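Written out below as structure tokens is the structure these notes cover.
In this document, chain identifiers A, B, C and D correspond to the written order of the chains, with residue numbering beginning at 1 in each.
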């Protein structure tokens, strides 16, 4: 039985508080969405400018496919609502989560010239949908950041189309986007990718140091 | 409707506990203030020498523009009250927060010879008041530390005047100051600046290592 | 008096939530088991694909020595149940815990060519069963990862037989396994080994850098 | 009015849980004590082998100056009780806290050949008793570890006598000891020293790397 808006909003708020505690949504950064209804599209969307560490279910907004608020209460939906909507449409995602972490920010910059980075051989990859072995090569695309949201949504759509297997992407010096069929799966994907980005970031420090000796 | 002293004190205590949990106010370090009334000035100020991880609303003091206690209960206001008062006056701030974190301490030292550091290109900068794009160059001044509070308050005033766009400053081998129109905005600013300082600190390690190879 | 399944399941859930908070069980990774009964074997086992940060006692399964569910409620036992069962049998363990941490993942890779790493001289080693001095040399074997669980269980058994003193082992690019006579001892062992792995990981960075100067 | 044993034990348990959450008392490591009565000496002492993250007031023991249990309930006092008693006697401390952190362990090793390390110029030093300026040079002695507790207690006594200004000391590859007139002051000292040790540890990585370029 489909979840009501209230139930979905409560889950969004809970995930937001947990991610904020980990330092992945500091300073009102990041955004979280979940599909409540597909036709017409109704997305539960985190509001703009609200402390994610104190997000409550009644602050979560309902928006339509044009990022317009359809819920009774006010607020301003996340600036990046168009990106969430694009991912929901192109990937059929049930939930989209966007975090700003130290390591995803660092790696989005470090690998920007290659437009992405490969993550291979880690057992953690098995938690990504459709991945059943650690001998998997995950390519995480890196997209240049922009303040022109419609243009950025198109770039994101193009990137998703070129990398149909990707479970997420990085926006340069901005953060990580991932998604899932449900909020639980999206949360799982974010946790896995954040873990792997930190592992790779720290490993690069150690391995290059060894090479330098 | 303006918040009562009790409400403001409760918010100060809550922020203090959260920052202490993150390791930004260890060992009774740091201080927090919020304007309760402007004329005459009444500032809710964290007390000196109290464990910020256990700060309660009733421990928060009320001080005037000379840092004298006007609240009924005793205690000793933060040693750095004069800095808070200077920032409130010169910037019209509604709240001033000061943290001691590992990364703000390290960077305050690393960039001391340049009297500041530039933070550019990060989406996180958009959370700073008046900043609407990641293509923003934020200059974070570094001021030498001193135990002479009136003199330090003057140096801080001079620095604020020379850097009217700055959203914060570092005291060398001491910590970070930031502020906002409200406690919520000041908290947001601290979270953003702490995040960016850690990002820059860790990035400098990685990039210099790559240069060394 | 032996603990009931419900009590054991509650302890498993509590440990899971604590380890998830530390970032050692992100993205539904890792698994936890505890012996409820030896003959026939009944193991309380964490379920597959469940967020360990929200694991409840009633989600914990009861499995037999063939990893088949014998509890009334459904669910899918951890993919790695066969490894837990092998350790319970070969070591007579009362509980087996498996974590995926940043540092255990990095070191499982860094020392893979040596098939293990030595941990010596740390007071923390005294918390391992049978160790009474810091002048102890602990060898932590590293086993190559595999998706063939029966084969991996055999490799694990072989490794345990070759290293009868070992208190744990690493699976390459996968994680750490440790165990104890009780859940409390297994938890203690994991905390000690995770601590030592991070200490060694960070020390290797510092010492090699000094050598490079 | 002096605190009762029950109140002191409750404070000890609360500090233990907080330090365990920070990763400073993992795997039942570390110990905490507080003077309940001076003549004859009665010390509230954390028990050996108990998970500090779950320490309750009723698990805290009362011991005399020979480290013998005088409380009604059983348990085994910390192995390092003799060190606590020596510090209480030689320094007149009201509370003694001992932590095992990643950074205090690393630095206890890194600076072992110099038998200590200097910490200077940090504002955080002002939180140490008797220190009123950041222009303070704190010497943190490093003592070699030993399992011979009476001998180690004598070495500690000798070190305290040679460094009468020291607010703490490190045991090599073991951990940090600090103390205070009260539990609150001891907690403050530990937080300050742990913060400074991490700052110095991370700074050494960055500065040596710069020297290497």
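Methods note: contacts are C-beta pairs under 8 Å (C-beta built on N, C-alpha and C of every residue); 3 or more make two chains touch, one makes a residue touch a chain.
Quick caveat: nothing in here was measured; it's all calculated off a predicted structure.
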(request) Hop across touching chains from subunit B and tell me the fewest hops that reach subunit C. (result) 2
(message) Shared numbers divided by all numbers used: is that above or below half for subunit C and subunit D, i.e. same or different?
(response) different
(request) Report the chain whose mean Cα position is at the greatest distance from that of subunit C. (result) B
(request) In steps of 5 degrees, what rotation angle do you get fitting subunit A onto subunit C on the CA atoms? (result) 90
(message) Using Cα averages as centroids, what's the distance between subunit A and subunit B in whole Å?
(response) 30
(message) Residues touching two or more other chains, restricted to subunit A: which are they?
(response) 205, 209, 212
(request) Could you tell me which shape the graph of touching chains takes: line, ring, star, complete or other? (result) ring
(request) Give the pairs of chains that touch; include all such pairs. (result) A-B, A-C, B-D, C-D
(request) Could you please specify the touching residues of subunit D with respect to subunit B in the complex? (result) 18, 22, 121-124, 127, 132-135, 184, 187-189, 191-192, 194-195, 198-199, 202-203, 205-206, 209-210, 212-213
(request) Spell out the residues on subunit C that touch subunit A in their complex, using ranges where they run on. (result) 23, 26-29, 51, 53, 100, 102, 105-106, 109-110, 145, 147, 171, 173-175, 201, 204-205, 208-209, 211-212
